[in-house]
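Per-chain residue numbering starts at 1, and chain names A, B, C, D and E are given in the order in which the chains are listed.
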Amino acid sequence: MGAKRTDFIATVIINLIVAAVVGILIFLLAYILIAGLPHVSWSFLTGTTDAFSGAGGIGVQLFNSFYLLVLTMLISIPISLGAGIYLAEYAKDNWRTSLIRSAIEVLSSLPSVVVGLFGFLLFVVKFKIGFSVISGAIALTFFNLPLLTRNIEESLSAVPRNQREAGLSLGLSKWKTEIGIILPVALPGIVTGIVLSAGRVFGEAAALIYTAGQSAPVTNFADWNPMDAASPLNPFRPAETLAVHIWKVNTEGLASNASQLSAAASAVLIIAVLLFNLGARVLGNFLYRRVTASK
Amino acid sequence: MLKQYSFEKTAVQTFAGNVSLAMRTENLQVFYGANHAMHDADLGFPKNQITALIGASGSGKSTYLRSLNRMNDGIATVTGKIWYHDVDINEPNVNIYEIRRHIGMVFQRPNPFAKSIRENIVYALKANGIKGKAELEERVETSLKGAALWDEVKDSLDKSALALSGGQQQRLCIARSIAMEPDVLLLDEPCSALDPISTVKVEETLLQLQKKYSIIIVTHNMQQAARVSSQCAFFHLGHVMEYTPTATMFSNPQIPATQDYISGSFG
Amino acid sequence: MLKQYSFEKTAVQTFAGNVSLAMRTENLQVFYGANHAMHDADLGFPKNQITALIGASGSGKSTYLRSLNRMNDGIATVTGKIWYHDVDINEPNVNIYEIRRHIGMVFQRPNPFAKSIRENIVYALKANGIKGKAELEERVETSLKGAALWDEVKDSLDKSALALSGGQQQRLCIARSIAMEPDVLLLDEPCSALDPISTVKVEETLLQLQKKYSIIIVTHNMQQAARVSSQCAFFHLGHVMEYTPTATMFSNPQIPATQDYISGSFG
Amino acid sequence: GKATSSSSSKGSSSEALSGKVTAVGSTALQPLAAKAGANFTAKNSKVTLTVQGGGSGTGLSQVQAGAVSIGDSDIFAEEKDGIKADKLTDHKVAVVGMAPVVNKDAGIKNLKMAQLKQIFTGKITNWKEVGGKDQKIVIINRAQGSGTRATFENAVLKGTDAVKSQEQDSNGAVQKIVGSTPGAVSYLAFSYFTNKLQAVSIDGVTPTDNNVETNKWKIWSYEHMYTKGTPDKATTAFLKYMDSKDVQDSLVKDMGYISIHDMKVAKDAKGTVTQN
Amino acid sequence: MEQTNFQLKKQDAQSHEWDVRLHRATRATREDWLGRGISYLCIGVIILVVASMLWFITSKGIATFTQNHVSLWKFLSGTNWAPDQGNIGALPMIVGSFAVTFAAAIVATPFAVGTAIFMTEISPNKGRKVLQPVIELLVGIPSVVYGFIGLAVVVPFMRHLVGGSGFGIISATFVLFVMVLPTITTMTVDSLRAVPRHYKEASLALGATRWQTVSRVILRSATPGILTAVIFGMARAFGEALAVQMVIGNAAIMPKNLISPASTLTSQLTTGIGDTIDGTLPNNALWSLALILLLMSLFFNALVRFIAKRGQLKNGR
């Protein structure tokens, strides 16, 4: 049977390809974890970095990464939700919409260096905000927006039309229909999208080097008033993230154990992304069940 | 190829002066871009009766029905007048949300929200400002009873509506519509996705509901039209060919097109 | 709530020795995980006749039908025997591709490929090694004629199949199946998405096709079963309750469940 | 520019100093500035001091634009086109010595200045031509415009153009690549020497701090902190602190730089060396 | 109100009441205005961001030509890149960028498509539960990490395998291959899943084998989606900076082969930007590189759009 044999061969080839891909993935993860994990300790996770050698812990950087991520998401989720709804619901199918879509996609494919430099010249220099969490968050928002917007639009459009008709035929406004009926159904897809973009944001360095800065001033973790200069929550302080830290240790680090430090930091970063992914997945499912009352 | 029937020869009743009408259309025309999908429909729908719209696929039944509560807004261009309580609701400045509250709609494929059974009914009520817990509870019960679903679901109001069978889902959609206490209920082939048993249930429900509502139903199933409707409109290629009491249409169709369609030798 | 009928009391004809059968199942059981969706089905399908499978939604008709050409592989666990030309085709080592060539299938929703009309038919033929241009052309024509579609599409064979009407699409799917020159044709509610006119066309097509093929059709529509089938099997909750000549079933059903279903007072 | 030479013993802060100081620029100076800054703010808790990298070009641009209080640079402002040096005040805070480095396998410990020039201009392409192994020379340059490269080329190439080759934008990358690539040669600040690299002597002079202090070793440069106009109190205090013994005698040396105070010679923007 | 021959029983007061009721604004109307306002505002913000970014890069990028009077042709065709000496020929970087981008796409596509087929058709369960999370995790690995693994593993490997210094287009290709693999794979999976299930069933029911079904029905109807995925991967590769810079060798010379150092637009941009002075030729020249990057993303976009249109034509009526 020719067809059957072809089928068999094709299946074998695909399995080989997958094996190769999985092999690469496992190698990468193993490489990072094996090189890094032995150097990870509690004091490494919570300690502060020695500013001159780059040695020491990464507590502040870890916090900065999460803080920046949260701030970025706080800014970008509402905007992309609004924009996604606009595209899914209000945008007519004409040249203007297609221009808007192109604009969004161009933004998403801009190299992050360029975004970073733009953020630098605009926020840091022009608006004199300086190297700060907020500058970094806005720069990250720039390239988070297109990803999230596209994802939200797609998730919303994937909800069957008859759900929309159901809402509209009851006299609900378009907005109410979209927010109360379509959005909950689209939620798992949206959460997955947020996870994916969160991963990218978490690992981004190029855009942050010039915006959030490369220094992690020691902060006072007992002071949670965002207005205080020493507070970790102060959005106007410079904030080196984990990814930037890895970059810096690798490029300028003077410590004799620089490579171990960066390996350890990389391992922590990967694990953080992993935990974050898992958490968001669980949350997505939970929300979905809550909202749709299924099971 | 389809037989050619003259669109000049039609038989459309006008209820001159003796029946109270829930809605009426005058010169209703619908265009999908350049596609002229509905020509000059002049139909009146008596209060508290069931009117059936029949005709072959693509004849414009759904198009016409969806125009009645402005569900074609943004999809098609609808011209002509739609009278409802002496107001032409086809004017741009009417409040379409208000119209749809008064003119409910149920679709071909059951489309309950992905929420609990109770939430399905309560959601639109809340959105319209009805807050009282007691009132909401009461509306849930009366509407589910009205749609003949109460007994089957009263113990599982918090279960997902998606777990119901197709027929139950469709009755839930009817319940959801009537919870808004509309005047008119539009149904677009509500039984075509259902098995015969569910179909019978829905039909019984409709016969009950006509005491309170005026009902317009699109159906492919001529037996169904015969069973439930008081009058029947036959659509063909975007034209209303005949509009007569159901008994008349099935026993004594007035024009050749209807005769052929009823006897199944059409097309 | 559904009435309870005893699964002990069934009436299933066996064609003992006097009819030539195209296929036959023996103790066929189907499990979706833990869900036992089909119990012990023992049915034989006479050659060159149309057999209808009827029953309420969820009774297992599709499940049974899809098992016959192993479309449930990987979805459900099917046990028991399926005899086809004295071979048990439910064994793991049979070539399922070969089986499906001989036992064609048409689905509820018309599912033409997003290709031209011609390509839709030619696709599977090419995949099975038929290369000659002349032969392909000829098969296209005969199969489209067989499905009573030729006259309507002969001038537009290179147009996208998606541009056809629902009824035409469904007949194209039938044509696509019979182009493979199968023995048996399985149809799962082929008309449920179609209007009455298209339905009549498809039914006429089936009545023609039974001269060459053995046909098994699932339908919700009892009139349809009555119009086209020679014998009829009634499914209920995963059990075959009655399997008798169609005339018998509709005039003189043997067991209470069937009686109730036929009369519409079921459930 | 004028060099500040007064040295006060302690950062004596009678009244509480406050304000915001931002120093941006040279990545080579960043570690020192950051560490000194941390010590400084420890004593003056009301001062917010931020140190960022970004490159010498960035530092000079930003201080010229008035966007930051201090622009860190590896090179004289005069050397950069587009910078109006006369509007800026130079504060030299340290000296950095640089030396050619080669991969250990090349078998090279000493080179003549002329050979070095020929290597970087592409005239010599194999280590065996200068007494090493038969191995192709792989040149790793710093990016055009980088201070380290400018210093190296001023001292070694003296106006001729370097051959086009790999460019890396940081000491760390150069360090890694030279360490791991057979036949690689580049140049690094003394503080980046590791045991994976071979630092090369030139004409028998070894790259040590002492040789830099007397200008026997020619490849070195200042680390500058530039200010514009009259700096505010906090900035002035910080610059003063940078020049203090505290910093110059311990911190600077600990971190592999050479103290300004130890220099026996001075160099100006044109490269003219004068005895102190 | 128009008089008709139709006799609705009307009382003027009542009819007036309905007239008011059906015309006045209600909560739903207000909600809709609010919603419209919010979503227009949001899209407005995005447009503003894009517009200012475009304006910014363009105005800086064309300064090379308007202020420094470099000829555009020289910029695009020159092969000598030494901005400090006033030579700005960007061709080596342009060629380098295209070379690594295409090479990475060519290598990654079969792997991505194969993996996607596995995830959707061969073992959907494992695909969803194992491969998908792992692939999504890969997206989160920062480019610096990729860069340093590249430096530590890929460069020495290539050095031993093909000789030379190990730096060059081939190493960059390999690193980019791993980096764009998740992008292309996830998007391909999406487009394979979007192929209606009934196409697959139809094909299987006709006796086609799995491979026949995949190659002739599923892949065919997912082609526009897959092409889009590849282009997105290419866009990502084109814009990637840190990782490429570490392994490509970053030498602004015309690439003669795959194994000698070359450079890309992004690698020059990141390497040089910190050491140049705002407003001078070297700085402007770098922004001109950024402008090319921007124009390329516009181009990739137009390409995606074009493919999507073609796809619709092919699949639709």
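The definition used in the following text is that contacts are C-beta pairs under 8 Å (C-beta built on N, C-alpha and C of every residue); 3 or more make two chains touch, one makes a residue touch a chain.
Quick caveat: nothing in here was measured; it's all calculated off a predicted structure.
Q: Determine the set of chains touching chain B that also touch chain C.
A: A, E
Q: Look at the interfaces A-E and A-B and say which one is made up of more C-beta pairs in contact.
A: A-E
Q: Where the centres are mean C-alpha positions, what is the separation of chain B from chain D, in Å?
A: Each chain reduced to its C-alpha mean, chain B and chain D end up 83 Å apart.
Q: Counting in whole Å, what is the centre-to-centre distance of chain D and chain E, each centre being its mean C-alpha position?
A: 40
Q: Express in whole angstrom the distance between the two chain centres, defined as the mean CA positions of chain C and chain E.
A: 46
Q: In whole angstrom, what separates the CA-based centres of chain A and chain D?
A: Computed value for the inter-centroid distance: 37 Å.
Q: If you look at chain E, which of its residues touch at least two other chains?
A: 27-29, 32, 208-209, 212, 270, 273
Q: Identify all positions of chain C at which a residue touches two or more other chains, and write them in rising order.
A: Chain C, residues with two or more chain partners: 97-98, 127-128.
Q: Give the residues of chain A touching no fewer than two other chains, as numbers and ranges.
A: Answer for chain A, listing residues that touch two or more other chains: 3-4, 171-173, 176, 250.
Q: Provide the full list of chain pairs in touch.
A: A-B, A-C, A-D, A-E, B-C, B-E, C-E, D-E
Q: Where on chain E is chain D touching in the complex?
A: That would be residues 82-85, 151-152, 155-156, 159, 165-167, 245-246, 249-253, 261, 263, 270-283 of chain E.
Q: Within their complex, state which residues of chain B touch chain C.
A: 1, 56-58, 152, 165-167, 192-198, 200, 220-223, 264, 266-267
Q: Once bound in the complex, which stretches of chain D touch chain E?
A: Of all residues in chain D, those touching chain E are 27, 53-58, 60-61, 65, 80-83, 138, 143-147, 161, 164-169, 173, 176-177, 180-184.
Q: For chain E, which residues are in contact with chain C within the complex?
A: For chain E paired with chain C, touching residues are 196, 198-199, 201-209, 212, 216-217, 221, 314-317.
Q: So in the complex, the part of chain A that touches chain B is made up of which residues?
A: For chain A paired with chain B, touching residues are 160, 162-163, 165-173, 176, 180-181, 184-185, 291-295.
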